[in-house]
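Same chain, two partners: chain A is paired with chain B first, then with chain C.
Moving on, here comes the complex of A and B:
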């Protein structure tokens, strides 16, 4: 029991160190743990696979650098899949800092796939206004979007001219870290215009989206870094999602052990207090 | 390229500065924290002006659409409480904002959430594979028992009490799932930073 007493007063920095090592070591020495594909992620993949060439996917980068670790890998994996399938990407964002992240991913992958700005993809940047803006957008894109991310008139771009209302969008893919985000796309854009919605969300938000999947309002869902890793597996592209999965698994095992150990220590302390003769 | 390298080094330094708080509070951490707050505020100010106020309000006004002066005036009234004699004028923008927000939210909440979610609980229990039927039954019972817990017009005793208790169990499972996902999210953020240090900065991870 002496060990349990010592563990009860363990310096919390030792736990931080162990968690740090559990993240770093699997990155340096990959274990290649398997990544199972879940139904919500498979649904997103199948939906994009089912689209005909030239279909327009609206990607909304509704996150900022605070959630970059979770959502940027998903952004890259989705763009990769769309470009491979020769789908057109119309990118926008409900969060101010998301557009820059989206632009980075678009630029990098467009160069790899030889895609042309204006005809294969556009980025119209941050669009403020949340719910009200989405309702206007679905009716008439021109009411909300007149210039692209760099200030170029939207009508000077082939894809910009092509998209006039929600009817021209085949699928909305929102990469969402909060409000405004996936809930707005579901409650406003999908409910009013019927456009199918897929989402990649932070892990914290993922449980709240399952009722929307159950009701058919969401087609599919990528939850956190795990969702991105699953998608990378499906599109056969090793990115940050898969690189981080070994660390994620090891840390989870470590945390489960900590929780069990913490409870054992707590029970031990309670037993000692309730023992006859205890102070 | 040189600028990019400098940026990566600054990013790495700031990441390590924030992590140094795990050991204990220190001046380097404080510098990084205050820098973050300042940069965020500055970034927001620039974005709100160039992406929000200027293109949606001031640009149309200067292009001759003089009626855009109305929202500007209504917006200025938000500052009325600073002047006690005219502080009551703040009610105008507040009631306008509340009215519009409620109108948009109520209609869409019913159309986009309540009705589809209700429909989502009308699930088949027969003519589907056993596991699907079992999952559907769990969803239906979960909704019913959780709603019973939130029924406050009668004391939770007898059958109602049992139903409410089962509702609590359903909610506990839901909270547990949310907590698990929260841990996963936090670990992912740590992985993101460590990946940045090992891949972008030290280049020891491919």
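Moving on, here comes the complex of A and C:
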């Protein structure tokens, strides 16, 4: 078929244009498709719901702006849930840029919920050292953390004084885009100190975490933008996760169509080669 | 001597840290903690090594007017300006200038670079994702099911799609990933023993 021969040499710029339109159009004309809730996300929600008021949640923003599109909506949704439940947030990061992104989310939502820095939440910023740092941290926070994100002594803050070791942390919530990240929290912090771990990861990392969920080492998982959208649905927050799902839906459908079309072209080419008198 | 001392340090510290995990004596645990704290301090210096290397490479590009040397000029200019904003200006890294640069320059540019992957994946899905073998066909079918099942459109088409995707993630995916994790960690143990025993010496550089 001539049309298939033409499609086989399709200019990739047309593919790029179609993807661009698939992203932009649903942002301008929202589809409002319902988002189903999966068990891993429900587990994270149920765990945070089960915490008593005043419990301390350690949030680790282990990502950079490259993964901001997937993980920042999850950051906001988790912080919103924690503040609504009157949980305290102790934020840190294993990646340098993660703390700044986390700080932005904390500041914005703290103002909305009337939370006070120092007593309801703190941000101690980036801590280098990966897995080895986590081992030191769990045993004695003071060995690793002396000042907060702005350089203020940690002991001058009420929440800073309350956290001395892993025993003072009720839950670790890691938002992770790679290494160091969720695997280090599970293999070192949870394995050594027993603190429950929940995670939000990029979609590409999510399948890798299922063995840890099945063994109970990870309580639950928000995978990619879909995970963030599910969590926003649970906490009843219209954020970038839900907004982005329309675009992601259309792009996924487009990619599947590309795969099917590519394979139809392959079959057509094979048929031509094996036809009598071909070549 | 030059090669023996590092080997002795690696052997002593490595095996001490390994055995400290199993010895619940206060002195041993405190020593282990001290070594870990030293590591954290040293790790912070890795950033400086990276910055110095970056400056060295780009200065050389500018000096020798290699291809695209103008971009090195821009890179170094922004690098020094952000360092100046973070170390000198009011508020340091929490100050308005640094935060503005981070929020309105670094974050959008970094997110954009990563977002380009979407276009390359789309092009690859058309040109390269071909069912040429039975294994490739199985992979493609699983990929299509997961891609459709993980979006609201999939749920709207058939409510059973998310459950099917969860089964793929929980059973075959978990089995395969467990095998991979075991393999990786056995390899890590083997490599760690080789380094501790001085069999693997590539970290010292300069050949054997």
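Assorted remarks:
The working rule: the second predicted complex is superposed on the first by the 279 of 279 C-alpha atoms of A that agree within 3 Å, B and C clash if a C-alpha of one lies under 4 Å from a C-alpha of the other, contacts with A are read in each partner's own complex, and residues count from 1 in each chain.
One rule holds for everything that comes next: a residue touches a chain if its C-beta (ideal position, glycine included) is under 8 Å from a C-beta of that chain, and two chains touch if they have at least 3 such contacts.
The structure presented is a predicted model; accordingly, all values stated were derived computationally and were not measured.
In the superposition on chain A, A:27 makes contact with chain B only, while chain C stays out of contact range. Using the contact criterion defined above for the overlaid structures, shared-chain residue A:139 touches chain C, although it does not reach chain B. More residues of chain A are touched by C (comparison of chain B with chain C). After overlaying the two complexes on the shared chain, residue contacts for A:191 are found with chain B alone; chain C is out of touch. In the superposed model, A:10 lies in contact with chain C only, and not with chain B.
When the shared chain is aligned, chain B comes close enough to touch A:217, but chain C does not. By the touch criterion defined above, A:38 reaches chain C but does not reach chain B. By the touch criterion defined above, A:255 reaches both chain B and chain C. By the document's definition of touching, of the two partners only chain B reaches A:240; chain C does not.
Touch criterion met: A:149 reaches chain C, while chain B stays clear of it.
Residue overlap on chain A between the chain B contacts of one complex and the chain C contacts of the other covers 16, 19-20, 23, 68-69, 96-97, 128-129, 132, 135, 203, 206-208, 211, 214, 224, 226, 248, 251-252, 255. Interface of chain C with chain A (complex): residues 29, 33, 36-37, 39-40, 43-44, 46-47, 92-94, 99, 102-103, 106-111, 113-115, 118-119, 121-123, 125-132, 140, 143-144, 147-148, 150-153, 155-156, 159, 162, 166, 169-170, 173-174, 177-178, 181. Looking at the complex, you find that chain A touches chain B at residues 13, 16, 19-20, 23-24, 27-28, 68-70, 96-97, 125-126, 128-129, 131-132, 135, 146-147, 186-188, 190-192, 202-204, 206-208, 211, 214-217, 223-226, 240, 243-244, 247-248, 251-252, 255. Across the complex, chain A is touched by residues 22-23, 43-44, 47-48, 51-52, 55-56, 100, 104-105, 108-109, 111-113, 116-117, 119-120, 139, 174, 177-178, 181-185, 187-195, 198-199, 204-205 of chain B. Looking at the complex, you find that chain A touches chain C at residues 10, 12, 15-16, 18-20, 23, 33-36, 38-39, 64-69, 96-97, 100-101, 104, 127-130, 132-133, 135-136, 139-140, 143-144, 149-151, 203, 206-208, 210-211, 214, 224, 226, 245-246, 248-256, 258-259, 261-263, 266.
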